[in-house]
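Going by the order they are written in, the chains are A, B, C, D, E and F; count residues from 1 in each one.
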C-alpha cells in the first residue's frame, strides 16, 4: 500500500518520535509513506477557531497536492487528521466552496482522494496480520491504557472509522503485540487539546482525571496516537499529580513505538530517548516470557 | 438601561439589562449551518463538556442565549474560548446539533466584530499560530512558544518543560519554510 | 425459394385436408408482381395460391385476434410474426392450441413499393427473388441485383431473431443478419423534441400504424373515444404527439419490433424509433424481451421488489 | 394561347407568379414523400407531375379547420366563425387526376343547395394548373374511370412535361394568367405534337381492360368480393386520406378552459366510428359494408348523384394500401362477374 | 347541468389569505355553474343547510364545496347533499385550505390558485356519475390480535355484547406488559391484582377463544369478510388433557434459561409458563432449549404428567378462519439501550431498564420483590432514574416522547423509597410530563414526601468506579455540570413499535407512520379506525399510551366492532373499478396488476365481430365488487379505457387537467 | 418610519419590478400519502410556491401515463407524480406497478425529448409534509431556472 504522507508541524518537532516510529513501522509492514511535497500546516484548532474558510483552505492545498500524487493521504497526527478529513468532507459536499478555494490553488482538489489516520491504516486486519507476523517479542506484562482522545473518533459522522464511545483500534493493536490493554473509562475524554499553552489549568485538571482513571484500572502506561495528547499528558502530569495529591507519573507511548518495539525494528529504541517522562518503568514491566523463540 | 430605540428594535423577549439581537441565530446558522432553535435544553452538552467546569456560562446556556439573541453575552463570554473543540457535545446531542460548531461560529463572529475577548491568551495563541502559518506555511513550535509568551507575558510558565524539550532535540532552532508561501498567503486573503 | 414455397403449400394442404385446421392465413400473389397480399385459404386445393417471396412483408398475426375461434387455424409466419403471435397468446387474444404455426426461417423482406429507381420502372417488374448478392429484381428489361442493405426494411436490417421461437412446422433457414443500424435520435432534448415535432406534423391520422399492428387489437382505441377524449382526431402536431406518445406507451414492453407500422406509414414517420428505444430499456433494465415464449405476463403486468426505482432520489 | 417554357426559366416563371399569387406546389422533404406547400421565395418545387403521396385537397379542405370558436366569459358567450380570406392562389404541379379530384370536391361543397363557405372561400380565387407528366406511374388508371377528355375543362391550365420544357395550355380564362411573361415563348407545332403524344399516351395507358364497361351499373350490393376485401382490409384510413376526391369529414368540439372550438377534420368510411350513432347503434358494424361503401360511393352513388364517378384513377390507394387491396383488381373482377343481382336497396 | 359552488371561509383560515368572495364570483362564470356563494363555515349546520336549501331552490344537480381537504370533510358533504336529495357522489371538493390558504401568502396569485382549484372541481363534478352502494354480507365474529390489556379489554367488551371473539396472543399467556408491572401509577394498585381477574374472565367467557402461542400469518378479504390464516404454534401440550397442575414444571432438568417474562432478570425451564397466574394456565415446551428436541433424550415431563398431556410430536396448526372485524392490539416494544456507548453499551450490569426494575420490585419477580443490584445482589444505597433514554432523541430514531416514562420514573422513585427508607433517589429529567388525572400530584408527592432528587439535565456519560456507577450529568437549572455516584441506574428506555409491526401492517393493509406505529384514519376524529374498514386499533400499537388510555381505546375499538356487527349488512364502497365489457379486449393485464386478485376473465356473449367465424363468446374482465378496494391500478393499465375507477374516471381526471388550460396559457 | 410609508414604498418597489414568472406544475398525487402529505404541509403552515395544481388519485397505481402525457401536451411546465414509498402502498402493491410504468414513461418522455427535469416522480409519505413543501420549492426553482416549456411539438 502506498499513501501520501502528511507529517504536520508537530511530527517535525515535538513529536519527532512519532514521525520516526511511524516510518519504521510503516516500512516493516509494507505501508509505503510518500511525503507530500511542500506541505503546509493544516491550520489546526487555530484556523477553525478564527476563520472557517481558512480551516478548509489550508488542508485543501495539501489535498490538492496529494491528489496529484494519486494517493490517499495518511496523517499520523490526530489533529491534522481531523482537520484534513473535515476539510475533505466539506469540500466534497460543498461544490461552491470547493470551486472558490480551488481558484486560489495551484493544484486543485476535486475529491478523488480521502484522508486517513495512521491509526486507521495501521490497524486494519491486513496491517495487524503483518504486524503479528513480524512480532519478535510480545509485550506481555505491559498494561497500556489506550487513550484515543477526541480528534480520532469525533465527530463520528465525519470520521467514522472507529466507535466514538468505545473505540477499539488501539486496543486491538495492543492485543496484537501481546500487551494487555486495560478496561478503563476515559479513553475518549478530552485532554484539553490546544489549551496546553494558553489555559494550562484546564489541561492539568483533565490530564489528572485521565491518568488517575488509567492508574485505577491497573495501567502501567498510556498509549496514544496524538502528539497533542502526548504533549499534554507528559508535560502536565506532574502538575496534575500535585493538584490531585496523587502520584500520577505515567509513561506515555505512541502506539507505533510499541508496535516497533514488539517487532524489534531497528532504531525504534532511539525514540524512547525523546520522551519527557521516563518510559523505563513501563518497559521493565514487560516480562521476559514475552520473547519469541528464535 | 435600555434606550428607547433599542426597546423598539427588540420586540419579543426582553432580558433585563441585555440587548437582544434576533439576527444572531441566523448569523450562526449562516456561518456553521447549525440551527440553534433545535436545542431543547436537555443539558447533555454541559454534562459531557470537559471544559464546562472552567466556563462562566455552561454550553447549554450558550445555546439558550443564542436562541434568545443575547449576542453580547455569548460573544463576551469566556466559554466560547474555552471550548476545546472535542466534539463530545456534538456526538451525543439528541437533537443532532453540533454545539461545537456554534462555538466556532461565535468565536468567528466575536473576532470579526472586534469584541474584547474574555480569554485574551487563547486568542493570542491562535493569532500567533496563524501568523506563523501565514509567514512560513508551517508552524515552528519554538518560535510559536516564544512569540506567544512574549505577547501573553507568561514568561515563567513552562520554561522548564520547554527547556527539556529543547534538550530532547524536539525543538529545532531553524524554522522550516515552505516553497508555496505565496500560495498559502493567498488563502489568507479572504 | 420455390422449394420452401412448395413445402408451405404442401403443409397447408395437408393441414386443411386432414381437418387439422379450418383455415390457413398466408401470403398470396399480389395485384402486381412485386407485391403480395394476405390470403385466407379454407379449401385444400386453394393451397396452391400461397406464395413465399421477398415481398411477403405483412405480419399476418394482425388477423388472429379477429379470426381466432375455437377452430384451429393455420398461419404462415416469419420469426417476427411469430413473436407477435406469442405476445397475442400471452395477452389471451388467441390460444396456442388453436394455432398451427407454419414457421419460416427468414433473412428479411422487402417493401417493393420503394424500389423504384433509375434502372427500372416498377411497372416493368415481373418478379423478385433472393440471390447470393442480394435481391434480384426481374424486369422486362433484364435483371437488377440490389444489395440487401439497400432494399430490406429497416427493421429487417437490425433484426436479430431470425429463427421461429415456436412453430408446428418449420421451413427454411435463417439468414445471417446484415451490418446496419437505424438512424439515431438527436442527443439534446430540445433537438429531439423538434425532430419529433417535424415528424408528427406530417401525421394525417390515418391510423394505418395502429391498424396494421398485431398488438393494437383493442376493440376500441383510446384515440377513437369521444369521452374521454384523450386525443382529438384533428391532425395537429400536438394531437398527433399525444396519439403517438400514448401508443408508444401502450406498446412499451409489448412491441416485438416487426416494423409494420413504419412500413405502412404513408408519410414515413419513424415510429419504430420510439419502440426500439422502449425495447432497449425493457431489456437492459428488466431483462424483458417482448415475444419471449417464457414470459407469462407483459412487462407492465409484473414487478420485482428490486426493480429500478425512479422515485428514489439519492440520500 | 399556348406557350412553352424551358426548364431553366422555371424559376423566373415561379417568381412572376409568386409576385401576384400565393403559389402552392409540391416540395421535396427530407426522408418523406414530397408535399404540397405554399412556396417561399427560393423554393424549388418538383414539377414533374409525379405528384406527392398526399393530394392537394388540403388546400381546400384542410385536415383540420376551425368552424366556430366559442369564448365564455364574464360578458357571456361569444361566437366567431373564422371563414378564411379568399387569397389569390395558384395550385401548380399537381397532375390532372388530382385536380379532377377537386372537381369532385366542388360538386360536394359548392352544391347550389348548400355552399360550404369555408371551402368556397379557399376555392374561389385559386387557379388550378395541372401538369401532365411524360412518365406515368404504374398505378394510374384514369381512363378506366371516366372520359378524361372532359377533365381538361376542370382545370385552368395544363403544363405538359416535354422533357427540357413545358408546354403550357390554358383551358380557361383564369388560366391565361400563367401564359404571360417574357420567359415564355410561343409553342411550335412540334411542341404541340409532343404534347398530344403525351395526352394520347395518358389516355390509352391508363385504361383498364374493362374501361368501356359501365362500372356504376355493374357494381352490386351483393358480391362475394366485398367479403374477400373486408377480410384482409385492416380498416385504416390511408385510401380515403390519400384520395384526392374523398371528402368526408367529422365535426368535433373541444373545450379548452373557458373556450370551445368546433372544428372539422378528416374522417373516413373505413373507420368503425364513421357511422356510429350517439345511442350506440352502428349500421355498418363490420368491415364488409365499410369496404363496399367506399367503392359503391365512388363509382355508383356519386354517379347517381352527379352523373360522374368520384374516382379519378390517381392510383394512390393502389400504391399505399398496406394489404395490397388493389381497386383496379376489384373493378376488373366486379365487371367480369356475370348475372349480378340488382341491388336490393336504392 | 346545474352546479352549485359553495366557497368556505373556514373562519379566517381560508378567508385570511384567499379572497373568497372573488372565488365565488369567478365560479359563477364557470361552465355549468348556476349558483355560487361563500359562507363562513360551510361544514357547520347552517352551512350545510345552505347547501341543502340551494339544491332545492336552484335545482342543483351537482355541488362543489371549496373548503378544506376532502380527506377531512368529503363524507360530511356527501351526507349533506344526500340529505338535500342528490346522489351522495355528485359532490366534489376544492381543497382551498390545506393546499392553498395555509401554504401561501395573501397575494392575488393565491386567490387565482383558489379559483383554479374550484375550476378543477367544477370540471370534475361535471363528469361525476351517481354511484350506488351495494349490500355485502357480514360475518359477526371478531378477531383480536394481541392479548395485552388492550386486547383483553376489547375481547371482553365485544364478547359481552354477544359476539364471538378469537383472541390471538403469540406468547404462551395473555397479560402482556401489564402483567410484568409491579404497581400502577398514580394509584399504586397492584398491577396483577387488577389485571388477573380480567384474564380469568377472558378464559372463562363462553364467547372468547384464547389462542395463545399463536400468530397471524395472512389476512385476506375485507370488512365483514376477512379471511385470516393463523398459525397455532405447537405447545407440545395437549390443551384438553392438561390440567395445569404444574408437576412438569418442577421436574424439567433444563434450568437457567433467561426468562422473557422477567426480562432476563430471572430464569425459567424448558417447559414453562411465563408466570404463575398465566392464562391459559398451561405450560408450553420451548423446543429450542428442550433436551427431548435437541438431543432426543430426557422426556421427563411426559413421564411425570399424570394426564398424559405431553405430546412431543405435536405440529403447528395453520387455520384459516373468517372474521367480520379485527382489533389490532399488538402493543409496543422497548428500545434496547445497548447501542448507547455513553451509557456503556448495555454492558454494565447495574445499568438496567425500567421494565427490568419492575421485575426486581415485583413480589413475584426473580428477587421476590427484594430490591438488589444485579451485579452483586447487594441492596443499593443510591439509585438514579434516567428519563428519555432513546425518547425525544431523533439521533436514536425516536423524536417522539414515550409519554409514560415521567410517571413510572416517579412511581419507581416513590416505591423504592417506600421499600428502602435509606435509599437516595435521583431522577434525571428534561421535562416532567404529568398530564393525567392525579399525575402531577403524584410526581410532587414523590419529590416532597419521598425525597426524590429531581435533577433537570440529560446525562452525558455513565461509567463504573469503585463498585459504583458515576453519572456525569448537568443541572441546567443551576448552570453546572454535576456528577452523581449511585449503586444502580434505571433507564426509562423509549417505547417503540414491535419489531415486526411493519410486517403485520402489510398483512393487514394498514399504514404506519415513520416510526412504524400504526396510523389511525384521522388523528382527531378517527383515532380508533384505520384506513381499512373493519380494522380498529387499541392500545400502544398506535403510539405510546398508559393503561387508562389503552383501556379506553380498547373499549372504543370494541364498540366500533359492536357497531359494525349490529348493522344489518354493510354497504360496499362505490368508488371501485368497473369494466366496460363492450370495449374490453380481454387481454388480462388488469388481472395481472390487481393487488387484490379482484379481477378475473369471464366469457360473455359477443356481438358479431369476426368476418368469417361467428364467434359468439369472448373473454372480458370482471370485477368482484366485494374484493375491489378501488386503487385503480387496473384502470391505469387498461389500454382500451375499458377498466375504469368510479369516482376517479379518466374523463374526470382529464376534465381536471383540461380545466387548467387557461392557467397554463396565461403563464406562457 | 411609519408603517404606512413602508407599505407604499414596498408597493412601488413591487410595481417597478416585473412580476417573476411562475411555472405551471401539474401534480398527480396519491390520496393516502403525498396528498395527505400536502395536507400535512398545510396544517403545519409550511409555505411553498403556488405553482402546483394537484389532481388527487387514490393510488400512484391509478396514474395512467396518459395523465402525464396530457399534462405536457397541455403545456404544463412540469408534471409530477408522487406516491407511497415502496412497501407502504395503501393497496399493498399498486405503487410497485406504478414504479415500472412510470419508469418506462420517464424513458419515453426522454426519447420524445421532454427534458428529464420536467417530469418528477418521487415517493412522499403522509408524514412527509416537510418533504412535500420542500419538493414544491425545489421543483419550482428548478423549473424557473430552465424556463417555460415550449410545448411537446415546438
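Things to note:
Methods note: a contact is a pair of C-beta atoms (placed from the backbone, for glycine too) under 8 Å apart; a residue touches a chain by one contact, two chains touch by 3 or more.
Quantities reported herein were computed from a predicted structural model and do not represent experimental measurements.
Considering every other chain in turn, the ones in contact with both subunit A and subunit E prove to be B.
The interface holding more C-beta pairs in contact, when C-E is weighed against A-B, is A-B. Among the chains, the centre nearest to the mean of all shown protein C-alpha atoms is found for F.
Of all chains, the one whose CA centroid is most distant from that of subunit C is B. Taking each chain's centre as the average of its CA atoms, subunit A and subunit F sit 51 Å apart.
Centres computed as Cα averages put subunit B at a distance of 76 Å from subunit C. If you average the CA atoms of subunit E and of subunit F, the two centres end up 30 Å from each other.
With centres set at the average Cα position, the gap from subunit C to subunit F is 39 Å. For subunit D, the set of residues touching two or more other chains reads 231.
In subunit A, the positions touching at least two other chains are 164-165. Counting partner chains per residue, subunit C has residues 40, 222, 229-230, 300-302 touching two or more of them. The list of touching chain pairs reads A-B, A-E, B-E, C-D, C-E, C-F, D-E, E-F. The touching residues of subunit F, when paired with subunit E in their complex, are 21-24, 26, 31-32, 35-36, 38-39, 41-43, 45-48, 50, 53-59, 61-67, 70-71, 74-77, 84, 87-94, 97-98, 101, 125-128, 133, 148. By the touch criterion stated above, subunit B contacts subunit E in their complex at residues 40-49, 52-53, 57-58, 60-61, 88, 92-96.
Residue ranges of subunit C in contact with subunit D, taken from their complex: 30-32, 35-40, 58, 62-63, 113, 121-123, 202, 204-208, 210-212, 224, 226, 229, 232-236, 260, 263-264, 266-268, 270.
Listing the residues of subunit A that touch subunit B in their complex gives 9-10, 12-16, 38-41, 43-54, 57-58, 60-61, 101, 104-106, 149-151, 154-156, 164-165, 189-190, 192-195, 197-202, 205-206, 235, 273-276. Against subunit D, in their complex, subunit E makes its touches with residues 29, 31, 119, 607-609, 611-612, 658-663, 665.
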